[in-house]
Amino acid sequence: MRTEIRELKRVRLRKPVLIEGLPGLALVGRLAVGYLVETLEAEKFAELYSPHFPYFVIVDESGHIRLPRGEFYCWRSPDKGPDLMFLIGDSQAQTNQGQYEVASCVLDFAKKHGVETIITVGGYRTEKGGSRVVCASTDEELLERALKAGAVKSPPGSPIVGIAGLLLGLTTMMDMRAICLLGETKGHLPDPRAAKNVLKVLTSFLGIDINLSGLDKSIEEAKRMEEAISGLRIEKPPSRRHRPPEDYIIY
Amino acid sequence: MRTEIRELKRVRLRKPVLIEGLPGLALVGRLAVGYLVETLEAEKFAELYSPHFPYFVIVDESGHIRLPRGEFYCWRSPDKGPDLMFLIGDSQAQTNQGQYEVASCVLDFAKKHGVETIITVGGYRTEKGGSRVVCASTDEELLERALKAGAVKSPPGSPIVGIAGLLLGLTTMMDMRAICLLGETKGHLPDPRAAKNVLKVLTSFLGIDINLSGLDKSIEEAKRMEEAISGLRIEKPPSRRHRPPEDYIIY
Amino acid sequence: MRTEIRELKRVRLRKPVLIEGLPGLALVGRLAVGYLVETLEAEKFAELYSPHFPYFVIVDESGHIRLPRGEFYCWRSPDKGPDLMFLIGDSQAQTNQGQYEVASCVLDFAKKHGVETIITVGGYRTEKGGSRVVCASTDEELLERALKAGAVKSPPGSPIVGIAGLLLGLTTMMDMRAICLLGETKGHLPDPRAAKNVLKVLTSFLGIDINLSGLDKSIEEAKRMEEAISGLRIEKPPSRRHRPPEDYIIY
Amino acid sequence: MRTEIRELKRVRLRKPVLIEGLPGLALVGRLAVGYLVETLEAEKFAELYSPHFPYFVIVDESGHIRLPRGEFYCWRSPDKGPDLMFLIGDSQAQTNQGQYEVASCVLDFAKKHGVETIITVGGYRTEKGGSRVVCASTDEELLERALKAGAVKSPPGSPIVGIAGLLLGLTTMMDMRAICLLGETKGHLPDPRAAKNVLKVLTSFLGIDINLSGLDKSIEEAKRMEEAISGLRIEKPPSRRHRPPEDYIIY
């Protein structure tokens, strides 16, 4: 079995932009892009399966079962803006090589659908949280647009780990361009506040108008949980996957 | 070398149901399905070998040696009920990708033999044990039948780890249907009581009548062992394999 | 790059017996088979390389460099006994799948050279050491011969980990037969005493006469080292590779 | 996706010598070969990408993004000396098999460009640092030349871990010859002093004249950092990758 994408229906999109938000640091990407999918009532049209996803299944609300997977949704712009394609899902690949395999598979699929621009969304760990949106890109014009939309440039040297980074790195081999938008977060709990911050920049970047107040309830809940545990000592960093390998040193 | 199934003899079965019970949490599946194989005097007809099984061999009672393997048994129903095919064995695959490879191999083999329905059996960890049988399915009708047979629905969100889960998740790609029956257990010792609880539901589900009192001696022994160690502090969770990967968060 | 065997010269052997002694528990196999190779002045005729061996190179006495490898030696019997083929080397494979790949590669090579019988040599960990030689086999006749030569039967259930076990397990698929001879050892230091014990049984088993006193000096040294550290607490078990995977339970 | 080398421009070199300096122990190789590339104003002509490199991307000074990669540079000798080809980059492969795959890929590429001699550069851990340059080779003549240039022979038995070692070990299968030059270092911090020591030997070995004073500022800084932390207890050895696997024993 290899990584594969199953199309549930044939869609033809107009120069779509792919927006990726698989689960990562503080679930920032998953929360932000999931909110877009729901609010825009985007339509699911494909699923990605991989032997590099975790070897378990998930039980949904009605007692049914499914494999961990990625899900592609699409949304057709009502005006002259680009159509949007979204990738959300349950997990990232569990191994080094699997990360490359899944990212390559996503890019081949995007290319086939005419995607030229990719936006990846994730979290950016800082000690104190913060509310900025950090961006980095393979393309000068995208970078400029993101800065205008309120993002700040990533400091040099910091690695962007996982699919949010790899999709960018691999586009340069495929005649596409990409940008990542990373919301600052302390990173040890799901962070809807960081997701909202990213969405402010992302919707401005895309020129679409979306009501973000639907996230406010989650933000309140997250704040209460944060306060509740603030007296507790956190023993373990929240996610091994989002730290670079221990013995890696960038020169 | 790849995962492969060696047929020891050709069998033709009537719409067989596959029942899987490889070793997992508290050995519930292995104990339950092994008991069925013995009691029904099912016949071994195939063996599964994989480079993803552990790299050791096992010495049997007479000093002979064999690789870890899966074993397929079959039983022909004496009346109009379905024939049964069983999968038990020594181990599950040791790697993420190996888990997917072994599960795919099992499903291809089942398909070839006309299997349309798969039942996987395992343990369901709860802090206090409990005696319920939790079920989840890819199919509404199977779910209903299991509930009638005395099972309860799995709460949403809980992952089912390993082959008991993957077989279910992968059937949806192969035009088969599947259900898992998981006996509640504390999970840190082999648990024949949980196995018996599952067998009550499973035999009712299948409409076969089997004397389960043969498990009572093992249950007594397990109870004594449990009491003997109840004063000792357990340092380590019993099985790393049946916890989901540490940094995985389901949204 | 895949696991491969490079023949340094063409040899034709008379029904050779393959004797394996790659490094393992307390180096018993490596010490025993290495001693045979030296004493019989066996001739090297092939080398095995694998990407599953460790990713380093070894510097020899004269400052030259080589990859970790397996080495095949042969020895022609002067009388009617069988010719012997030896496998020694620097390392076993580092991964689960690599262990299966290397063992399969060795068996294909052995088969090509007409080998019908394989003997693997290793250590058998016991708390107090002991001086017995434990055996297990795929074949009744080999087992009987080993018992006559002074070995004792392995207790059932104990796994034999690594290539010494896998070679046996995999022969059953290839119309060959195999036996392992494991010298009892505490296992935390190279143990030439256990190697000598195995050689007593092995030479009797093969019907060859070899002076084993060449090991006595190493035995004396090992004894002194053992005594020197006997006051020290050993923090760590000597070899992770020779314990079965932690969460494995044989039913 | 597999390991692959992308040529940015076609170059034809005269019997080039390949000099490898990917990041390793104390970054000695990376610092030394990087200094050569800069000082000689060598020209980049190819890049190596691999799914065995870490799954993150790197943000450069201007906010742009790239995958971890290896970079090949070339330099044409102005006189009758050999042309030089350099390999530097961000990382070594993260897995055992990946290390073999990347090294094999580099050698195939080198062979294609007519390389007959390979020099790998790295660090050599000693407790007290020291300022010697240790060498080991597949070839007697190279070894002699290195000794004349001021290197000392590696003591036998010590493994050379990672690509600096594997490139040497694998050349023997490809009709090339190779030598490694390893600068003594304590190994827990980037060590430009060790890099300079290696460069003294390497430039003498190659017969090229290069001003090494450009490293002196980094050496001063490293010295101050060393002193600043000398009062602190180092809890963890600096790099897991440069110790041999724990349970490996060379006989």
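Going in written order, the chains are labelled A, B, C and D, and every chain counts its residues from 1.
The rule is simple: a contact is a pair of C-beta atoms (placed from the backbone, for glycine too) under 8 Å apart; a residue touches a chain by one contact, two chains touch by 3 or more.
The shown structure was predicted, so the numbers you read here are calculated from the model rather than taken from an experiment.
At the interface between chain A and chain D, two copies of one sequence, fewer than half of the residue numbers in use are shared by both copies.
Overlaying chain C onto chain D using CA atoms gives a rotation of 90 degrees, to the nearest 5. A straight line joining the Cα centres of chain B and chain C is 36 Å long. Chain centres here are Cα means. That of chain A falls 51 Å from that of chain C. Counting partners per residue, chain D has no residue that reaches two or more other chains. Chains touching one another, given as pairs, are A-B, A-D, B-C, C-D.
Only residues 96-97, 99-101, 104, 135-138, 143, 153-162, 165-166, 168-170, 172-173, 178, 180, 244-251 of chain A touch chain D when the two sit together in their complex.
Against chain C, in their complex, chain B makes its touches with residues 1, 6, 23, 27, 30-31, 34, 49, 51-52, 54-67, 90-91, 94-95, 98, 190, 238-241.
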